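Notes follow once the structure below has been shown.
Each chain gets a letter, A, B, C and D, in the order it is written, and its residues are counted from 1.
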Amino acid sequence: MTAADTALPLLEARALSFFRQDEPVFAPLDFRLHAGELALVEGDNGSGKTTLLRMLAGLLHISAGELHWRGEPMQRDRCAGEILFLGHQLGLKADLSPRENLRIAAGLHGMREGAGAASVLARIGLRGYEDEPVRRLSAGQKKRAALARLLLLPASLWLLDEPYANLDRIGIALVNDLLESHTDTGGAAMVTSHGTVSFHGGEPRRIRMHD
Amino acid sequence: MASWIPLWLHKLGSPPTFYRFAGALQPWAMALALLLGAIGLYGGLVLAPADYQQADAYRIIFIHVPSAWMSMFIYAVMGVASFVALVWRIKLAEVVAMESAPIGAAFTFITLVTGSLWGKPMWGTWWTWDARLTSELVLLFLFLGVIGLYHAFEDRRQGARAAAFLAIIGIINVPIVHFSVNWWNTLHQGSTVNVFGQSKISADMLWPLLTMTLATKFYYLASLFSRARTDLLALEGGKDWVRKIAEDEASR
Amino acid sequence: MNALQQFLAMGGYAAYVWPAYALFFAVLLADTLAPRLRRRRVLAELRARLARQSARQERKPLSTPASP
Amino acid sequence: MMNRPSLASACAAMLRRDLTLAWRRRGDIAMPVLYALIVTMLFPFALGPEDTLLQRIAGGVVLVTVLLAMLLALDAMFASDIEDGSLEQLVLAPQPLALMLGMKILAHWLATALPLIVIAPLMAAMLHLPGVVIPVLLLALVLATPLLSLLGAVLVALTAGTRRSGMLLALMLLPLCVPAVIFAAGAVAAAQQGLPWLAPVAWLAAALVLAVVLAPLACAAALRIALDA
């Protein structure tokens, strides 16, 4: 029993499941995620990883089971702004530049756009591409532009769906760095991946999806 | 779930229970509809005297007016079921709302065509842009919109929720359409026709009319039951109770 | 016979009254038959699915060796 | 935690985003305008050049043409945002979704309906509508077009989860538009006949106020249904 186990979990699922056309997409899930923890959601294609993350983000209605946020039933406005979701679709407008996209994200989160954007984009490896339309970036660069949101916006829980897809080795190391510093500062993250991933910082929790 | 929903309603809302319940009642509702329809039509077509103004043409009233009432009644049922479906996510309410739509569209269509067939000999035109007629036409489009939206979705339950939402928007809209067309008619004087002039109706004509109204109500019930049963089989295809039915019917 | 002819003539409005009634019954008949046909189709599809599933289950023990 | 300045800046960010996007694709803005002009041009050819006939139908033709041109552009209101996932981000943002959608609808109205209103006098002139009626026509358009944008946004949100939505949208939206068309065209017709036209305009304004309050909420609810699958 570590200290983390006794503290109130950030996110707790009890017999959580989702039905599509009355067929369960995955078997009921039980897990706890504490602040400072990283969970890796594993499973084959079609095992419901993306569905799970969309449900945790609040995009999908919970079919059965319970989901608790800091010990209380999850409600839309209680966790608003504390969760960042990065899905298959990156949420970037192709006609806008990475800087403009970041500015919108900051505005939607009620933040003043500051000098932050430039340094965030530099750290994510997009220096020199700040004002290029996202349309003209490569798939990996688009991914980086989307990941920049994670650095700019404060959130306690990251839900990342396939964050490593389309990234080169440096990009993968970058994501691992991001995750490490996020968990070190008390954040938590859930990451789906069907490949094997090596984290530098300790062994992540594993949540296995079954049909 | 809200605790104030009566327990029997909650039980009836479970698909297998409703399937059995509807299956038991459906033949009786259909039999009543046929019996009342036969009595009403005999009274209306044979016993009732010809109208002193409209002669025998008025006999369309015995199907036209009940159909018109049914079109509005079914829309109301669909609206209430849609509301229940959206608020409490009860599957049976979704089924009732979505399976009411085709029946409602059928009655609305009958109302429009029989009204046209009645209007031609009586006021010399197939159609006029009267508030009632226009509202009925808009009602038909709303029914068709609900059906179309329902079938446009891959996920049936998602489609049902979206279409239920449209049905509720429509409920707000129909009175507004009626009001606006009435206003429009005051602006364009001369094109108005007094559709239902004399409302005094003799008892000989009234009882067949009311009997036909009851008959259409029972018909709706019967049709809804058989549609809802089919829909439940399709929606609950993975469940054991449906499998049992499928196997039982195959062995028969 | 004469009475029947008179009835069918509908005082000269037969061309309006009878099509109205014909439409009424035709539409409602179609509405009654549609769910029956659909029911037959749904059950047939369901049985086909069940047959596929049971066929898969019979194959399964062969492909996956017994594990403790 | 979320105070007023942050809400205002979120609204501003949303509005600026959609207007910037519209500006980057200026060509798309021109499309409904060209469509409306061409449709208006077809009427004299179809009906003959008689002034009295064209004058009589001018108000109605302009209104219906503007409505159809808006319908053309409506379909795209949420399409690209759904495709690239920005709608998910919007739904998850810690701001009232209805308000954000209200901003989106406002931006959409500015980008599609406003250009149409600007060329409406030209369309009216093509059909020889008397000059004195044109202010009433513009007033009717200023009140009726936001109504259509708001109503349309709700229905577009409902069809957002489907693949084939164009014709379906028309089937659902056009019957709902009947009152707006009646009152807008009624005001123009009354003005043309020298009758008081304030009553229909007042009804339009009342409907608009109601729609401004309710439509964004309905739109938010509809979008949540559309994304929930």
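Assume contacts are C-beta pairs under 8 Å (C-beta built on N, C-alpha and C of every residue); 3 or more make two chains touch, one makes a residue touch a chain.
In this text, all values refer to a predicted model and were calculated from it rather than measured experimentally.
Engineer: If we define chain centres by averaging CA atoms, which chain lands farthest from chain B? Would you check?
Structural biologist: Farthest from chain B by mean C-alpha position: A.
Engineer: When the contacting C-beta pairs are counted for A-B and for A-D, which pair yields the higher total?
Structural biologist: A-D
Engineer: If you average the CA atoms of chain C and of chain D, how far apart do the two points sit, in angstrom?
Structural biologist: Each chain's C-alpha centroid was found; their separation is 42 Å.
Engineer: Report the inter-chain centroid distance for chain A and chain B in whole angstrom, where each centroid is the mean of the CA atoms.
Structural biologist: Those two chain centres are 48 Å apart.
Engineer: Chain A to chain D: how many Å between their CA centres?
Structural biologist: So the centroids are 37 Å from each other.
Engineer: Counting only residues that touch at least 2 other chains, which ones in chain C make the list?
Structural biologist: Correct list: empty.
Engineer: For chain B, give me the residues that contact two or more of the other chains.
Structural biologist: Residues 155, 237 of chain B touch two or more partner chains.
Engineer: Which residue numbers or ranges of chain A touch two or more of the other chains?
Structural biologist: 20, 61, in rising order.
Engineer: By the touch definition up top, name every chain pair that qualifies.
Structural biologist: A-B, A-D, B-C, B-D
Engineer: Which residues, counting only chain D, touch chain B once they are in their complex?
Structural biologist: 154-155, 158-159, 161-165, 168, 171-172, 174-176, 178-179, 182-183, 186, 189-190, 200, 203, 207, 218, 221-222, 225-226, 228-229
Engineer: Within their complex, state which residues of chain C touch chain B.
Structural biologist: 7, 10-13, 16-17, 19-21, 23-24, 27-28, 30-32, 34-36, 38-39, 42-43, 45-47, 49-50
Engineer: Residues of chain B touching chain A in their complex?
Structural biologist: It comes out as residues 89, 155-157, 235-239.
Engineer: State the interface residues of chain A toward chain B in the complex, per the touch definition above.
Structural biologist: It is residues 20-23, 61 of chain A that touch chain B.
Engineer: Under the touch definition given earlier, write down the residues of chain D that touch chain A in their complex.
Structural biologist: 1-3, 5-7, 9-10, 12-14, 17, 20-21, 24-25, 80, 83-86, 88-95, 100, 227-229
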